[in-house]
Every structure is written in structure tokens, then in C-alpha cells.
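What follows is subunit A paired twice: with subunit B in the first complex and subunit C in the second.
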Partner chain A sequence: MGAGHGGTLVARYVPGSSAVHRLEPHLKLVSVLAFAVVVVSTPVHAPWAPVAYGGYLLAVLTAAAVAGVGPGRLARSLVVEVPFVAFAVLLPFVARGPQVEVLGLSVSQTGLAAGGGLLAKATLSILAATVLSATTEPRALLRGLERLRLPQALVQILMFMIRYADVVGGELQRMRVARESRGFRSGGLRGLRVMAATAGALFIRSYERGERVHLAMLSRGYTGRLPTGPAAVVDPRAWAVALTLPLAAAAVLLAGMLSG
Partner chain B sequence: MTAAPPSLLVEDLAYAYPDGHQALFGVDLRIERGERVALLGPNGAGKTTLVLHLNGILRAGRGRVTVAGLPVGKRSLQEIRRRVGVVFQDPDDQLFMPTVGEDVAFGPRNLGLPEAEVSARVAAALQQVRMADAADRPPHHLSFGQRRRVAVATVLAMQPEIVVLDEPSSNLDPAGRRELAEVLAGLPVTLLMVTHDLPYAAQLCSRSVILDGGVVVADGPTPDVLSDAGLLAAHRLELPYGFDPTRT
Partner chain C sequence: MLPGPPGRESLLQTVCNKVDDVHVPDGFLDVPTSVATGALAAGTVALALRKARTELDDRTAPLAGLTAAFVFAGQMMNFPLPGLPVSGHLIGAVLTAVLVGPWTAVLCMTVVLLVQAVLFADGGLTALGTNVFLMALLAVVVGYGLFRGLVAVLPRTRAGVLTATGIAAFASVPAAALTFVGLFEVGGTVDVPLGTVVAAMAGVHALIAIGEAAITVAVVGAVLAVRPDLVHGAAGLRRGVELQRRPTEPAGALR
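Our next item is the complex of A and B:
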């Protein structure tokens, strides 16, 4: 027990040696963030907006292809978008303004643009983030965040989350097995009470583990800062490669603005 | 003074927790350099409390702790924690960095050592516990026994004066237990091993100390301590069925 867990967070990583894999993590972070900013700043009501979305999609799919991230992997990552989809689908029905006919239904034109824009922007950003998470190991991402001067406290919280997700998950799993071994079946109000107790117990256990980890850290001279190894020097050409994606998107945006 | 100071000197150490519960009532313990000593005692005897004093996590209410001549105090804390390497019971508490190599490097980097020295120490420490090829692996991919050996490496990398192990054999399978014993027996450091596992004490430590009720109640050669059935029974210690402490 304990050993052999695949690692829930590490599972998002697809090993490889593509140009995207080899980029320094902080370059990829900057690149994805810049891409998202360009996508989000596209005006949804502009007549050329759908064309721009197409251009962005082409750019991000090209990046995915270079990274060797398959369509299945990309499609699965879009599951997190489901709540947005529900909201976006509602918009054309509740928004006011001039109406248009779509598939025999009368919907608001501005609502359609807003909903479609929301959906397109979320999808594009998630696709870019998926390429990032598929080509960068979680701990490399942390190093990237650290290099981008994210506050130490946040980096450390994220690091502990990655390290202990499976440990806490294992504990939860053992508690579930122990519950069910004594005839517990989830569902119903009584079930909710038991689940609440489980969550409480898990919280206490994790809290106590946190205290023990802190003791172990102090025992090895922890002073509040996580010591890190030497940072690799970044080749300017790597910046150029990393910025290809946001620059391509920015070019699409600029073209749209000039034409409109 | 001509001889080297003892690795560990505990004098009249007493401690009460903030809630008023007194755990230690005047502990005296002297461990010479290179000794391997077992610290035995039932649950609640004060063993863990004593261990937490050795590297200054808890501060003595009365008495003092000296490590290789340096008294444990506020100003000496960083150096004390280098000198005293504590290996905690659950390796998941001890191994918190994303990879084994980074975890072993945690201590030396806290000491502010240059990076070349850090990598040399990481390699040497992992070699000592026979885990040299695990440096790039995440801790949760290792077996429990391997994780415990890596936990030992994390303190060896600090080049400590004394290594303190809390229940080193707990939860290990027989092979993992033997592998750890082989590693520990080969370490050229002073060792204090807190344990309930009396055969493990007999195998690894020539001297045993029994702590109970917050005081040292016995201190002598391990075979003598473990052969004293009355002493063991009085302090809730028991040998496994069929084990003969005079024949190890």
C-alpha cells in the first residue's frame, strides 16, 4: 500500500521530447498567459470575431501538434468547461435586443455573440493550458512560477499540494474501504452525515500531518524559504520559440482590428 | 580536556507541555562518539519528547542538552539541527519535496552550501543508503522501505554528529527491515534509535537505555538489559516469543 500510485496530478503530463517539452517552464507560462490575454481582449461583437477565433484555434492546434498532444487528450481537457457551456447556451435566450432565427428558434443576436464569444474564449484558453500541462511536469511548472517571482508562500502551498495529493487521496480511499467494510452504503441523509464526519477526520489528519511535516522541515534547518538549485540560463532563441503562439494570436487580432 | 566531547550529553532534562502535562522529570544520558544506542520504553514514556529536545524543537524546562560540546539554545539552533539528524517515523512526513534528489538536497541547501558541494553530498548520502539510482524519482513512487532509507539519506546529507531514528523498523516488511539494518550498521555515525522492536535493538545497538515515566530507569549493555525479564515486565517491554537476547 502506498507505493505504486500513479499520481493523480502527474497523470496530466504526457512525456515527450518535442520543442515544446524542451522549453523552460516559465517561458511556457508567459506564452500561455499572453495568448489568453490576446484571446480575451478580442471584441466579441466585432463582425470579424469568428474569423479571429478560427485563427487562434489554428495557432493553438499547431502548438498542440508540435507538442505531440493528441486530439483525444485535448477533447478530454474540455470537460472542465461544461459549466461555462451551460451559461453560454443560456445567454442567447435571456439577452435582449434584435432577434435572429437559429434552427427555427428566435434568439437574441447580442446574446448569441456574447455566448459564442464566451465559449470560444474559454475553449481556446483551456486548449492552450492543456498543451502547457501536457508538456510540463508539475514540479517544473512550480520552478517556472518561482522564476516568475510568484510569492514563495504560494509556490510552497502548490508544491505541498502536488506532493501530498496522493497521500491524502490514499487516506481517503482507506477510510472509504473501512467504511464500506462495515456495511456502509452512501446515499440518503444518514450518508451525508457520515461523509461530513469523514471530511472532518480527513481535515484533522491532514492538519496533523502538516504539523509533522513542519517539524521535519525545521529539523533540517528550514528558515521559511525553500532552497532551490541553480536556475538554467535561457537562450534568447527559446524566448522566440515560446512567444510564437501569443505573437501569432496577436497578429490575428491586429489584422482583425485593422480590417474592422 | 584531551578526549573529544561526547556526541550527546543530556543533563537533568525536565519538560512539561504547555497544557501542564509533564513528560520528562530529569533525564541524564551521555552518548560517546560512534556509539549505537537503543532508547527503549513503552508508549507515553517520553521518548518522542526527549527526541524533540535533542534538536531544539522543544526547549528544556530544566537542565540542558549539549551536542558535541555545543549547548542547544536559541542562537545555536541552526548548527544544532545540522549536528542532530532526526529521522521521523512516517517517511511521508519527512519527504516533502517533489523528487528524492531535491529532498536530500533540502538540508544542505538550507546550510547555504555551494551547489557543487550539495550535489556531491546528495550523491554520497543516497549511495550510503543504497538508493543512488532514485534521485530523480518522486517519493510516492518508492516502496515504504525505500522511502524510509531515503529519509535516512536526507539527514546523512547534513553530515550530522548524531543520527536519531524514531521507530526505524515500524511498518517494514522483513526484507525492508533487514535492508535498513544493513544500511544502519554500515553508517560511520553516532546513532540513537528509539524503538519498541527489541530484537532490532539487540541486532544493531550494543547499549540500551530504558526511559519510563520521564526518567532513565536502565542503562547498560543490550544483552544484559534484554535478559532482565523483571525489568522489561516492569516497563511494559516484551521480547517476541522464542527470542533469546543472549544469543545474538
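Our next item is the complex of A and C:
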């Protein structure tokens, strides 16, 4: 493994020592979740909604700046949103309700607000989640989830998945090199069959690797539980730092509600 | 992403992949709907954690983890689809259920969705329950239920199992998509005429479902050919080897 341990998954992590990096992982998880809840609960049709979105955006961009997450990284993370852009653009044309004229087109007013709202909410949550994944190692995230009382069995499955995702991915990559060095051209029924054989072999290899991992763990005294160190005591100040983002968002929401 | 050289092409590929692997983002459904689907998802995952032990006993954690890693990698593979200009890619709910059993499949899909939400910001955190409900729960329950039903009626052959797999994989995609439309109607944040959404979703997802079915059948077929013992859904095909009578020549006849 030339790329070292954990290629794809760890590639999401941007090393650093900012205040955000140093926060306990479960605090960051709570913070991002709370931020998403505030963003989601903003009423779409309120006249002040666009201003509120601007406020949230400012808050999350400030967090990104403090964490040292660059604009390129943030922009790339928005790729996941692409299908919803199409949906949001379509909404003003298909939604019911009173019509308004925009650029000579007659569109639904509620659809316009809703489409814009959907897009804004999804974007804001993705940005916040990107700051989280860029400042927290997968292993630390796992620790955070465990601390938030995710069932131990699920944590273990997650741990094995994160640990082996790159091993399995590397295997797939080597199969691709082997396939192409034998002159494989994608396409047609034959191509589907070759790719299916690849996926089938990948499944068998992954499953058998799972069996070997299990035996290796048994021989090291695995009893079904993984030992974890004592949980570190969290400084109240760390909570205060972590909750700055959702509290700022909540302040924006409250201000909007009071003014509206 | 995993396979393929980094650069412009892989970004384009990612975009294409995303189009047919849509996760519900934050703010798409209202709070009661999100909470209700989330509670349903949490309950089922808790049940699956217990039931998966009957499928995998104490090997649950490593085997489900490695299978989840396989699903994660498999979702990034691009399969050429004969006769179609686009390449398909796998969602994998029915594939996983047929290969390792439904309860383990629920856990694997849940874990994959969790990693995608937390590490890749793909699918909102507040919509995680909805995503698990649609893709880990509904797709597996509908798909595997249909698969079991069909296996019971169809002849107990390789072709029978593969037919059942194909139909189940095909049905799982529109089932999840139409349930999403239903959720959107109940708890959507926008007032859209139901017919429009159904038509749009049905058209696109029929195509995706054909791809999903073709890939699932091909992969299950490939595993059946090599290690039929690893296919949970084909346990009925396994037979004990009959003791064969092979009369030997008397020792003297060797000379």
C-alpha cells in the first residue's frame, strides 16, 4: 500500500491544528447536526428567508476559514448536490400557486421560494458537513459516534468498513489494471459480463478477507467487544467553541422570526 | 474516487455516478416526516443488529464491515449497459441481501449511508434516517421479500434464482423512488402536483432499475459460478453430495 493507510477516506481529511481540528469529535458532530437542524427549520416562504440563508452562509464560511478549509475544497464537496440543482430549477415551473413573472417567464411563486430554499438548505448543510470531514479523521469520527451512544456493534462494523474500504478499493484498482492490460474495452454484453466477474471476485475476496480478519482477531483474544480508552473529560469551553456555529445560526433564525 | 486516474475525467464520472445514486439532502422533507422515518430506521437497525447474529454469529462485525466496504467500492464501479449509451452503477441493496442475507444487508447499507453522510457530506445528516429508511430498509425489505416469494415459486435452479434476483433488483429501485415521492407528498416542503413528480421519477427510475437488475443478476451469477456456498439466497440450490458407489477391482486384477 504505497499510498499509506486509508487513501480515499482519509483523503477527505485536511491535516491542521486549528481550533476546529482540536475540538473533540463528538462535539463537532453535535455542532454540525444542530446547525443542520436550525437551517432545516427555517421557514422557506418567510420574506426574510433569503437574508437568513446569507447569515448562515456567513457563519459556516467563518467556521471554514477558522478551520483552514479552502474554497476549492468547499466547492468540490458541492458536487453531490448536482441532481438536486436540476430538481430545484424545475420546481418553479411545476409547483402550484400564484404565478410571478421572472425574466419574461411565468413561474410559481411558491415554487421559486421552495426551489431556492431547498438549494440553499442543502448547500449550507453540505458546507458544514464538509468542514466536519475536513477537520476530523475517520477514526476520530468513529470515536465521536461511539461517544454519542451509537450501538457498539454498529461502531465495530463501521470501523471495519473504514479500515478496509481502501484495501478493497485497492484490490478493485489492481483488477482494473489487470483487466486493461489484457486489452479490455468497456461496452456491450461482454463488457458487462467481465465487470460482473470483477465485482463477483471482489465480493468473494472481501468476504474471505473478513473471515481471515475474524480468525486473526480471535487469535488475539477478541471477545466481541473492542477495548476503548477512558473517555476524555470535555472542557466546558470546548462546548462553547463547538456550539458557536449552531448558536450563531439560531440567533439569525430568531432575529428573522422576531422581525417577521 | 477509488478507481480511475484522478483528474477531469474522474470528476465527471463522479457527477455521472451521483445522478443515479441520489441521497435525500437536508431540508427536503419536513420535520415530522424526517423524525418518523428516522425512528423507523433506528428501530429496524436495532432489530437487524440482533438478527444479523443469526446470519453471521460472532463474525458479524468483520464480515458485515468487509461487505460494506465491498458495497462502497462496488458503488463506484461503472458497468457498461448493453444497448444503452450510459453506464450503470450499483445501488446494491438487493445484491447485498441475496449475497449475505437481509439483516446483514440492512446493516451494510446503513453503514455505507452513514459514511457517505458523515465523510462525504452526501445525504443530509438530518435526512440520514430517511435515507436509511429508503435505501437500507425499504429497498432490502421489498427486494428480498419479492426474491423469497419468487424463489419459492420458481424452479430450484440457477436460472430460477437469477430470475428472482433480477425481478427483485428491478422492483427495489422504483419501490424506493415511489416511496420517496409518497413521503414528499406527505411531508414535502413544496406543493408540487403528485402526477408530475410520479411521472418524472418513474421514467428515470425505470431506466436505473433496468441497469440495477442487469448488474445484480450478472454479479450474483458470477459469484454463483465460483462460490455458490457464499450466496445466502441460493442456499436452496445446495445439496449434499451423494455417496457414490465406485466398485473397485479385486486387488489381484491390478497386475
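Operating definition for what follows: the second predicted complex is superposed on the first by the 254 of 260 C-alpha atoms of A that agree within 3 Å, B and C clash if a C-alpha of one lies under 4 Å from a C-alpha of the other, contacts with A are read in each partner's own complex, and residues count from 1 in each chain.
Simple rule for what comes next: contacts are C-beta pairs under 8 Å (C-beta built on N, C-alpha and C of every residue); 3 or more make two chains touch, one makes a residue touch a chain.
Here the structure is a predicted model, which is why all the values come from computation and not from measurement.
Student: Between subunit B (first) and subunit C (second), which does A:Ser219 come into contact with in this model arrangement: first, second, both, or neither?
Tutor: It touches subunit B, and subunit C stays clear.
Student: For A:Leu118, select first, second, both or neither according to whether it touches subunit B, subunit C, the two together, or no partner.
Tutor: Only subunit C is touched by A:Leu118; subunit B is not.
Student: For A:Met159, decide between first (touching subunit B), second (touching subunit C), both and neither.
Tutor: Both partners, subunit B and subunit C.
Student: Which partner does A:Val167 contact after superposing on A: first (subunit B), second (subunit C), both, neither?
Tutor: Touch partners of A:Val167: subunit B and subunit C.
Student: Of the partners subunit B and subunit C, which touch A:Arg179 in the superposed model: first, second, both, neither?
Tutor: neither
Student: I want to verify the contact counts: of subunit B and subunit C, which reaches more residues of subunit A?
Tutor: Of the two chains, more subunit A residues are contacted by C.
Student: In the overlay, answer first, second, both or neither for which of subunit B and subunit C A:Arg139 touches.
Tutor: first
Student: Of the partners subunit B and subunit C, which touch A:Arg73 in the superposed model: first, second, both, neither?
Tutor: In the superposed model, A:Arg73 contacts neither subunit B nor subunit C.
Student: Which partner does A:Pro230 reach: the first (subunit B), the second (subunit C), both, or neither?
Tutor: A:Pro230 sits against subunit B, while subunit C stays out of touch.
Student: Overlap of the subunit B and subunit C footprints on subunit A, residue-wise?
Tutor: Touching subunit B and subunit C on subunit A: residues 7, 138, 159-160, 162-164, 167, 209, 213, 217.
Student: Mind pulling up the subunit A residues that touch subunit C in the complex?
Tutor: 7-9, 12, 29, 32-33, 36-37, 39-41, 44, 76-77, 79-84, 91, 94-97, 110-111, 114-115, 117-118, 121-122, 124-126, 129-130, 132-133, 138, 141, 145, 151, 153-154, 156-165, 167-169, 171-173, 176, 186-189, 191-193, 195-204, 206-207, 209-211, 213-214, 217, 224
Student: Would you pull the subunit B residues touching subunit A in the complex into a rising list?
Tutor: Interface residues on the subunit B side: 52, 55, 57, 78, 81-82, 84-86, 88, 90, 92-94, 96-99, 102, 105-107, 109-111, 115, 118, 138-144, 154-155, 158.
Student: So in the complex, which bits of subunit C are touching subunit A?
Tutor: Residues 1-4, 11, 14-15, 18-19, 22-23, 25-28, 31, 34, 45-46, 49, 58-70, 72-74, 76-82, 87, 90, 99-100, 107-108, 110-112, 114-115, 117-126, 189-193, 196-197, 214-215, 218-223, 225-227, 230.
Student: Any idea which subunit A residues touch subunit B in the complex?
Tutor: Subunit A reaches subunit B through residues 2-5, 7, 10, 138-139, 142, 159-160, 162-164, 166-167, 209, 212-213, 215-223, 226-230.
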